[in-house]
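Okay, so chain A shows up in both of these, paired with chain B first and chain C after.
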Partner chain A sequence: MMRLLFLGLVSAIFIFVLLPLLVVVVVSFGSGMTINLDPSTFTLKWYGVAVRSDLFRNALVNSTLIGAAAAALSTGLGLAAGFAIARAHFLGRSSLEALLLSPLAVPGIVIGIALLMVFSTVGLRDAWWRLLLGHVLLTFPYCVRTVIASLSRLDRSYEDAAATLGASRFAVFWRVTLPMIRPGVMAGALFAFVISFDNVPVSIFLADAKTTTVPLAIMTYLEWNYDPSVAAASSIVIISMLTFAMVLERLAGLKKVVGG
Partner chain B sequence: MAEVRLEEITKFYGSLKIIDKLNLGIGSGEFVTLLGPSGSGKTTTLKIVAGLELPTSGKLSIGGQDMTRVPVNMRKIGMVFQNLALFPHMTVAENVAFGLRMRRLPRARIEEDVARALDMVQLSRFSGRTPDQISGGQQQRVALARAFVFNPSVLLLDEPLSALDRKLREEMQIEIRQLVQKLGLTAIFVTHDQEEALTLSDRIAVMNNGLIEQCDTPAKLFREPATEFVATFMGVSNMLGGRATAGTPGVVEVAAGNGLLRFAVSRPLSTGRQVRLGLRPEDAIVETGPVAPDNDRIACRVETAIFQGSVVALGLRPMAAPDVVLHARVTLGATTEHMAELKAGDMVGVGWRANSVLVYE
Partner chain C sequence: MRRVLLLTPPIVVIVLLLLVPLWYLVDISFRENVPGRVTFLPGYSLANYIAALSDGFYLSVLGSTILLSLAVTLVCALLGFPLAYFLWRAPPSMKGILTLLVIAPLLISIVVRAYGWMVILGDQGLLNQALISMGLTGQPLRIMFTTTAMFIGLVHVQFPFMVLSILTGLERIDPLLVSAAETLGASRLRAVLEIVVVLAIPGIITGMMLVFTLCMTAFVTPILLGGSSSRMMTTLVYSQFNTAFNWPLGSALAIVLSVASLVLVSAFLMGARRIPLVRRAESAGSKG
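Then we have the complex of A and B:
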């Protein structure tokens, strides 16, 4: 009885979370200019419109590249900072950790305004670079966090063993430490990509008319239009994110990554 | 193969002294065990030899060379860790090859050495498996092969058998012993298990509070523990404080509660001297039935009698001093067979030969 109840509850939560996504996908196949749920009239027309639209296409390219670059940079920096915090002993170590994690606690909109002011002061006009730097700031805490957590779970004896076997410090890191904390590092990178990809409050201050991201493009479009090409663009994002997660699962074992 | 020499090694963690001016020489090809309770400094000593810890002061030399400040990866030392520390992302063969690859040996040579090492530990069939696909005993042997494959000058073993069950543990002890002998390696083994130390070692160094209390052959250590601590650690479970009442040969009276127990000892003592007596339970002479008044056995009532197959472990309360419990272990044989039937409440007499009584001042 309890099991049945639990099963029902879990299903309800899943339906609640996934149904809107499903509606978006269904709507993207509708023929009319408005939302239409009649399957006999389904068409791929809006996908054509979305793909041909410079706004959506450029936004998708920007978001993907910025997301990947931000994830890569944050992961690299996160490894370095995480190592220092988890392994080295120096004065002010815990304050440094708190400082590095602080972007998590500041509202995105505040970070956005602050970054805009800083970037215009130093004269950084290129929206692509502004977005990238802003997103690195946003995603870096997640990467540091996962690196520190992975390292604190890793028994030192593996690294000690490698050292007694003749491995230099770099070889210990490259051949033993990094492969053993890879699931955690990959999880950090994945979070970084997703956070960068769907960020609005910071991006909105840093983007410009020529360089925009997917969520901003959808918002801009919805301000003047309401047709299923938005749903088509969203569906493309949903499908590609799902594919991305599945490929990652195959390559690195996402279950291990997220489940620990 | 090389001799190891620790001279005046001292180690502090902050203001905490872990090892206190430790001196130990280990001969080439010798198997020495560091035996002691947790916190005695035995693992720290091992880590100093490995180079995983640096001593605060003192000197370490291996094969006649000063190694005190040589980095761990330049020491050519094989080490087996308590948790084995097999790399989970590598196969058995890759684990064993790791030390050879780090030394940049040619590929053909690596393959040859790995194959030979795996053959020695009978794991050739498992070379392609990962550590989680083999049993505990097999993992143990991989860790061993990985540690000796590159011909280390010293093999260090940090309680490597503690995770195994008793039977496997005993098998592995013999296997380690034979392997080390065959390879002619100098080995330092760390354990808190007294039996394991006796089985494996040429010499045992008993450690307590960062000091070596005694370093001797297993037989010497067992028969003649130099200190009370060593005696207790080697299984001398009866320790009694008393006062010498006669000089040559010595007699010691132990006051317990309102009673007195008398023990003859083989060495001369000055009268009135306070000493501690160590009585090994295996050396107890037990006779069933009541004790005649002229007999020097101590009359006792059996409190516990535990049958352990070939041995009966007895807890005895002397009638004259009921605050004391004397431990005795009787090996069952032709003349002692009937003792298997002893039970709580039975009367027995117990005594120790004067030359088996250990005296500590």
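Then we have the complex of A and C:
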């Protein structure tokens, strides 16, 4: 009896967690805002509407480019910082690490308004650059974290062996160390892309009417209408993010990247 | 030397994009705004902080932000423990996929999740359709753009963080302890309540601190589900920047919000550590 109650509660919680996502996907195939589970009425019409809409298409291009550029820059920063920190035992090492991870501890909206005021004051008006710089700040701590974690798990004897056999420092890094930490580095880069792609509290202050991102475009659209094309755009986001999640899980274990 | 070269770019990023902007934010918060324009009077003053901490409206927004965050945190803990326990006890072959199902929403845009709730909670939404067809209500219930909608949306957004924190704590407990208690004659319920819950306390506290902080500064869910008039500090800050163009007051309100959430979380942690049960659980956890 207790067991049945418990299983009922757990099922209810799972439904609560997954229902909003399922609802979005079902609405995207439907002919209107009502939930219709009859597969014969399913249509891909709204995906066409979403893909043809300038708002969503431009946003998708911006988000992809900014996400990729931020992920690339953050991976470089993460590798540099990770190598400098993980391999050393100097005084202040842990406070340095805390400083590099500090963007994660500041509320997004605080970072957003602070960057808005500084960029406006120094005259940086181009929204694309504002977004890129903001997103690098938001994403590179994750790359620092994954690089440090990968390096601390690494057995140094392989690098020592390569060095003993005459490999230069760069050759050791490029042909031994980097291949061995690649899964962690890739996971950091993908996670950086996801964080950038998803961000609202910082982006909303840095974007403008011409240069917007996918979540901001969906928010703008929701202010005026509820038609299923926004569900179609959201489903595209859900499916691409779940694919990302599976790749991440394969590479590094999702829990480790999310929870640190 | 090589280390200095490697560390320069990341530290430049932190200084130019985080520390300088934060210092500028604090500076602006002590300025006085020229109404309707983004220019400031010369000199510094405490006027914005006095307004933020004495004006009845701003104080009530701060109060309702704190109350809503507390409620969300409590409900997340109450629902999070059973689910984390279920994942902990699940057979190893199922554990990965079940955990992924709980974490999956974390990787889906918070905007999309809010949209899902709009479809469910709207006047012609799934919930109202179901209630009307069952004859439970004649008029559609007004849920969207209320505190209830924000509450449901926030619980949904924060829930995975709570489950992950509790699960991390549970992973450190030896499952044999439960079997041992049952062998000694305790019912499963009693074994769970007296052993697992107590040993999970550090994880629950971590989760509660995390969820409370995230709720206080949540932005997307309140603005989409609570509407523009939602009484949350973050939406208030947003309106200062987006419609009132009062940077100094907006900055001061953002700082009040950050300090309030930091102070409350520290007070919560200190208060929790005074409870003997919590202290015992934490020392037991550090031994194991």
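The working rule: the second predicted complex is superposed on the first by the 209 of 260 C-alpha atoms of A that agree within 3 Å, B and C clash if a C-alpha of one lies under 4 Å from a C-alpha of the other, contacts with A are read in each partner's own complex, and residues count from 1 in each chain.
In this text, a residue touches a chain if its C-beta (ideal position, glycine included) is under 8 Å from a C-beta of that chain, and two chains touch if they have at least 3 such contacts.
None of these values were measured; they are calculated from a predicted model.
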Taking the superposition on A as described, I'd like to know which of chain B and chain C A:A171 touches: first, second, both or neither.
first
Could you say whether A:L242 touches chain B, chain C, both of them, or neither, answering first, second, both or neither?
second
Looking at A:A163, would you say it contacts chain B, chain C, both, or neither? Reply first, second, both or neither.
first
Which holds for A:W128: it touches chain B only (first), chain C only (second), both, or neither?
neither
Per-residue touch tally on chain A - higher for chain B or for chain C
C
Touched partner set for A:L19, first chain B, second chain C, both or neither
second
Tell me which partner A:A80 touches in the superposition: chain B (first), chain C (second), both or neither.
second
Give one of first, second, both or neither to describe whether A:F42 is in contact with chain B, with chain C, with both, or with none.
neither
Contacts of A:I109 with chain B and chain C, given as first, second, both or neither
second
Chain A residues touching chain C in their complex are 2, 6, 9-10, 13-14, 16-21, 23-24, 27, 33-35, 76-78, 80-81, 83-85, 88, 90, 96, 99-100, 102-103, 106-111, 113-118, 120-121, 133-134, 136-137, 140, 144, 194, 197-198, 200-201, 204-205, 214-215, 218-219, 222, 226, 230-231, 234, 237-238, 241-242, 244-245, 249, 254-255, 258-259
List the residues on chain C that touch chain A in their complex, please.
3, 6-7, 9-11, 13-14, 17-18, 20-22, 24-25, 28, 38, 79, 82-83, 86, 96, 99-113, 115-120, 122, 124, 126, 129, 156, 159-160, 164-165, 168, 188-189, 216-217, 219-220, 223-224, 234, 237-238, 241, 247, 250-251, 254, 257-258, 261
Per the touch rule, the chain A residues reaching chain B in their complex are 155, 157-158, 160-168, 171, 175-176, 179-180
In the complex, the residues of chain B that touch chain A are 50-52, 72-79, 81-83, 85, 87-89, 98-99, 102-103, 146-147, 150, 156
